[in-house]
Amino acid sequence: MASINLKDVQKRFGDANIIPNINLDIQHGEFVVFVGPSGCGKSTLLRLIAGLEDVSGGTISIDGKDVTNVPPAGRQLAMVFQSYALYPHMTVEQNIAFPLKMAGESKETIDKKVKGAAGTLNLTDYLHRKPRELSGGQRQRVAIGRAIVRSPKGFLFDEPLSNLDAALRVNMRLEISELHAQLKTTMIYVTHDQVEAMTMADKIVVLNRGNVEQVGSPLELYENPRNLFVAGFIGSPKMNFLSGAAAEKYRANTIGVRPEHLAISKDGGELKGTAGVSEHLGSDTFVHVKLDNGEQVTARGLGDYRVSHGDPVYLTPETNRIHRFDQAGSALAA
Amino acid sequence: MASINLKDVQKRFGDANIIPNINLDIQHGEFVVFVGPSGCGKSTLLRLIAGLEDVSGGTISIDGKDVTNVPPAGRQLAMVFQSYALYPHMTVEQNIAFPLKMAGESKETIDKKVKGAAGTLNLTDYLHRKPRELSGGQRQRVAIGRAIVRSPKGFLFDEPLSNLDAALRVNMRLEISELHAQLKTTMIYVTHDQVEAMTMADKIVVLNRGNVEQVGSPLELYENPRNLFVAGFIGSPKMNFLSGAAAEKYRANTIGVRPEHLAISKDGGELKGTAGVSEHLGSDTFVHVKLDNGEQVTARGLGDYRVSHGDPVYLTPETNRIHRFDQAGSALAA
Amino acid sequence: MARRVTPQWKTGMTILAWAVGFLIFFPILWTILTSFKTENDAIDPSKFLGFTWTGENYVAIQEQRNYFAFLMNSVYLSLGSTLLGLIFAIPAAWAMAFSPTKRTKDVLLWMLSTKMMPAVGALVPIYLLFVRFGLLDSRIGLIVVLFVINLPIVVWMLYTYFKEIPGEILEASRMDGANLRQELFKVLAPMAVPGIASTILLNVILAWNEAFWTLYLTTTNAAPLTAFIASFSSPQGLFYAKLSAASTLAIAPILIIGWFSQKQLVRGLTFGAVK
Amino acid sequence: MATTHTKSAARAMLAPSVIALFAWMIVPLVLTLYFSTLNYSLYNPIDAPFIGFENYTYFLSDPTFLESFKNTLLLVGGVLLITILGGILVALLMDQEFYGQTVVRLLVLAPFFVMPTVAALVWKNMMMNPVYGVIGYVLNSVGIGAIDWLTTAPLLSVVIIVAWQWLPFSTLILLTSLQSLAEDQKEAAEMDGAGALSIFWYITLPHMKRAITVVILIQTIFLLSVYAEIFVTTGGGPGAQSTNIPFLVANLIQQSGDVGTASAGGIVAVVLANIVAFFLVRLVGKNLEA
Amino acid sequence: QSTTLTIGTVNNNDMIVMQSLTGEFTKQHPDIQVNWVTLEENVLRQRVTTDIATKGGQFDIMTIGTYEVPIWSKQAWLSPLDNLGSDYDADDLLPPIKNALSTDGKLYAAPFYAESVMTMYRKDLLEKAGLKMPEKPTWDFIAQAAEKMTDKSAGVYGICLRGKPGWGENMAFLGNMAREFGSNYFDASWKPQFESEGWKKAVTLYVDLMTKYGPPGAASNGFNENLSLFGQGKCGMWMDATVAASFVTDPKQSQVPDKVGFAPAPCGTENCPNQGANWLWAWSLAIPASSQKKEAAEQFISWATSKAYIDLVAKEKGLSNVPPGTRQSLYKNADYLKAAPFAQQTIDSINNADPSASGDKPYVGLQFAAIPEFQGLGTAVGQQMAAALSGSATVDQALKAAQSQATREMTRAGYIK
């Protein structure tokens, strides 16, 4: 359990200014999710916090103590690497036991905890395998196991579930949430999965090119994105943006409507267009519509909604769900 | 463009019988998605098709020609590895250009194609970097780039988008679909992402412990899962299963209802329970409900649906959306 | 990889490393210094730097033997045998590292065991064969000999290095349509550069310093620097300085080769290639 | 990974090396075996009657044989001990960041570039000589007094010289191996709370296992046949205190011209070397896999 | 057309001079070219032995010693030198040398330079010790002088002798010394003599002198090391090959060039054989029977061992640096006797040395026995002597071991029935 504060943190790799300047406060016991486009600096930020990289400027403190120059071991954080970084010469069991061994736990404790973690992670059958004999998802689970057996001050997860199947992912999500609820340990979690971000986070940090675009609770970001970037990034499929006449109507440069707030009808509605491809997910159907003014939008229909390619359709945004943005892309007050 | 046929294909690693026996026909130009729990043998199957592993039994033919003993290069398939497997000594550009160079393309062609792929993949700024200087997602994109620049007989994708952010993932999904539409090349695609599986596939193959559980179009699987496993695996959050009285009412051992087909209400309905955690995704809200008979189910509500932990709620399944299963787990005719 | 080391640590390491380096290098340093002494200064161990520098030893040596003829032979022999060795060993090491069978380990050990025969034991048979085929004092004959005697070592070294490379990268190249030759030389070899560099360096050194066969199987046309040295070790009279000069001449070229290859012995390249 | 195709390719790729080595091994081996049954002297090559195992009994009954065997093992063991431990330490040091890395690395590697004869001459005359040697001079000036290395501790002296020559080899191999250790593993270990020592013990050392094995095996092969260093420095003496098997065999042919007994000795040496190798492989061989 | 001669030789100074003067030879014989293979003595010996025994034919001329010539000529490995030219004057060669290089009256190798043994001592130190070198020193006197001359604090050691094991190193000296005490290597029935009285006395005294008055590290000192020590002024006395004399008197190589005196080798008994000059060695040039270029090779040998060559060296390098010990005419040259203070002692020693076989000594040779087995045997015994010198074995143990090793070897070789 720890508070983590970043003050004016910067990071350059040679010429590349990956993180120009970041300030961030993470409270005791918070579950913070970092999201952002691939390459925006999420892993780098995690590595800076972990102490695996030196900051190019600024300070990092944990529990109010400046740890900028403290080596990783001194920071007492556990981490799941995006690349897994398993120990190739150790079996699954030894991999998971390693941090406990380092902490000097007794053999029985280690055994118990490893067995426990392996059970949770569906790895019990693989305890004696070496990493190279595992499937991608199994490797990733070992990496998770290695992090969660310990009781660190905080956890750093770098896309820990990316290679797991949906069912397992839901399980693991719940496991991690439960772990968090139990231990109340600070967690920082990088993910590309909207569901994970929305359901697990106390606070989401949206990063873009090494800058923080917005920090807030999941619903805050969903409902009140500060700017076009956040609006477009949170939510999948992404928010539809309309400009021109449609926007002017709402006294905005651009307006945004999420697919789920765009009612689709074959009979009539505010905006007219032609149905394009329909994506049937089973639970929902996403219909891509080309509006008559040429703009391309997506609307969500029920799972069994059918519309043929080329049919005329009508869309009606829920007025109170419309997001308005000015020319610079910043959100306008509702 | 190729048809791929697997006949009685088996694979053992030492004692472990990873693939007991698989028969599979993939038609010219089909887009086939393999799904299944982590470790079920998806990557192995892909590697068998690629020729990177020997089958322990059975035959693989491409375009009717037995290729069981043909080396990978002779099969003319392109592959994206789950582990990326980039060439560490080559820049991004050289990595992507490599297969073209091997095919003996002219320098101009190579240049053009690499530029094109890099553009598509948002890699233009990174062309001169080495893999170790890339973020996880960027590496994955290089791996994709390397596969798509060529014109092979077929593509094998092993979770190619797992490390990409939602926006990019949607883009890439469209790109790959478009590539497929354009080239009509056979594609085999492994993914854990329900959306990818549902939207991209012509045909989904559900694997479980090395066996094919069901093969069919996405909606077929969604609507008519052959058994409990497929029913539980396709769709996220997964289908709710109820047994006991609720099931008997429908003359089944178990019935399944998807969260999206379970109407939730605070006033009244078929099943009574207590609200547990609510997951707010923004677009939807998943409410975990503990039924009075002790069973745990999930129901989907609208994005702004609010219900407090502990409140009594009522759930009503859509009768015509109920799936019925017998004792062995096989689906019963509707 | 990206963490700064503290300046104090770096300073400490610098001092320690230089001290260790100096100690290990000292005998060679002393030899080089001695080569610039007069014979009388050479036998006085108290003269470290305080002596009158002279180049007379080098002059004397060059007057006696044509250093460059020996040098060229050494270069031919070591480079020739190394090249031959790589051509044979890279495929062999690839085979054993990436397509191991139950017998791979046995083959590896058998290869080493071919080196267990004491060279003198094989001298007469080999000499007779060389006489028979007219290979005595020919570069080609010696290149072949140096190549085979070092082949097990080259295979072994490459095998170890190849083992560290993730096989998936080679698989990727197969998928990309590379044939075996391209897989070996376009993908594997560049990735194994540090390993191959140290293997080359090692093999060049072993060939360069091989002093049994090179002495027995050559007279003049193919005689390398080992023969050059053998004509300066323990002549009558004081000889430390001249011996040192000859030794310096024998070591210098390979030190230079070492200097260049040292730059190749860089950090492993596999990082970032696979998850 | 391995498919029938790669397997057959592998066989084809392995074949040239195997054939070359087999030829190199079998021709001398057969001839040596043949010679070892003859009373074949270089000084009387025409008349070489068959004498069965007499050469073997003669060689094995040589009073210095057992001592040579013991010396061979001591030499191999001593040098291995110094070079492996020293090599690990030096390699770790060279892997650190410091000023002048390239230069120092070269300094450390340099002894390996020196021909064995030259190294032995330099050590014998300019280092270990009690009158002219630097070591004696230093010991004298600190008041300990010069040591006559080659007479009082002949085998140790040879061990020191040979270890000096081979330390760079193990350093080089171990350093290369160190550098192929993926950084993220070390990072993961650090995150897991491992200190520098633990990282070394649990991550670095296991990673270097194969390299260490290779160093041990390759060096053993070379050390089993050390000759020039002994020839130049102690000449195997005093007595047989620094005579090893190769030196003993070499003396037979080079001093006595006794090809028959030398061949028998060569065969015995091969057998002994194989026994040593066999035990070594039992000891460390499993590290070769994986 | 031109012929190329490949000549294998040792890297001793006189040979190096010969190489540098090769141009003079090729000037006279423009159709002959010369390739030199210069190797250290031991390496060269092994190299040429292998070649000649396997008929490798790599050499046209080999540099070999008085040890090899009798053995090799008996094997018919060498061509007799019967065509050295009219002005060669083979009769000018010193008789002991000529004999040593001839078998059945035919010369098989031409001497390039030759040596016997003598005592070299520091006149100044001996004087300081209050002693005077007798005309015929005895080992008793030497022991006494060694004690007096030793001043370890000043780094001066009374006596330096060979300690490095090897048949051509310490055994050359000890074989000579044993004869000074009346013992040979083998008796008439080829029984080794190492446990005889003479050997015991010789080795006991040798070890005693060396441990008390010798330099540190003596057990690894050979000719070269002692040469350096003596040249450094660290030795009071040194009994060794006569060729050493020209180095220790050469100001370029020695720090005591004019303080060196020369005396015969000491005797241990009243009637020591050959006046103590029990050492004869000649580095000589010979032609392997397999050489295709015998004619050219003989021309070269004739040139290199001729009187004219000696004159040439005298002209180029100075009179005292000519190859010694081969020709009578040189020692009749008054200039030489004046320029080389050691000349008289050298010729006396050589003339006294008689290596031929005799009743109680069945072998040819003095400090060695010219039988093929001697190299190995001598070296093995030399090791035992070194062990005695280094203190790791007592003299008795060492001699016993030597005796049994030698007996074993001689029995196997069929000498002892």
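By written order: A, B, C, D and E. Residues from 1 in each chain.
Methods note: contacts are C-beta pairs under 8 Å (C-beta built on N, C-alpha and C of every residue); 3 or more make two chains touch, one makes a residue touch a chain.
Model, not experiment: these values are computed from the prediction.
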Listing by label each chain that touches subunit B and subunit E gives C, D
Of all chains, the one whose CA centroid lies most distant from that of subunit B is E
Most contacts overall join chains C-D
Reported most central chain by Cα centroids is C
Whole-angstrom distance, CA centroid of subunit B to CA centroid of subunit C, is 53
So, in whole Å, the Cα centroid of subunit C is separated from that of subunit D by 15
Cα centroid separation, subunit A vs subunit E, in Å, comes to 91
Taking each chain's mean CA coordinate, subunit B and subunit D are separated, in whole Å, by 56
Residues in subunit D with touches to at least two other chains are numbered 1-2, 6, 42, 132, 136, 182, 184, 187, 254
Where subunit E touches two or more other chains simultaneously, the residues are 46, 50, 54, 228
Residues of subunit B that touch at least two other chains are 51-52, 71, 82-83, 133-134, 136
In their shared complex, subunit B is touched by residues of subunit A numbered 13, 35-39, 42-44, 82-83, 122, 133-138, 140-141, 158-159, 162-170, 192-195, 198-199, 218-219, 222-223, 232-238, 258-260, 279-284, 300, 303
Note: in the complex, subunit C contacts subunit E through residues 39-40, 43, 63-65, 123-124, 127-128, 130-131, 136-137, 215-216, 219-220, 223, 227, 230-239
Contacts from subunit A onto subunit D in the complex sit at residues 50-52, 71-73, 76-79, 81, 83, 85-90, 98-99, 101-103, 130, 146, 150
The residues of subunit E that touch subunit D in their complex are 42, 46, 49-50, 53-54, 71, 75, 155, 164-167, 215-220, 228-229, 234, 372-373, 375-377, 379-380, 382-384, 386-390, 392-393, 398, 401, 404-405, 408-409, 412
Residue set of subunit E touching subunit C in the complex reads 6, 8, 11-13, 16, 19-20, 35-41, 43, 46-47, 50-51, 54-59, 222-224, 227-228, 231-232, 243-244, 247, 253, 255
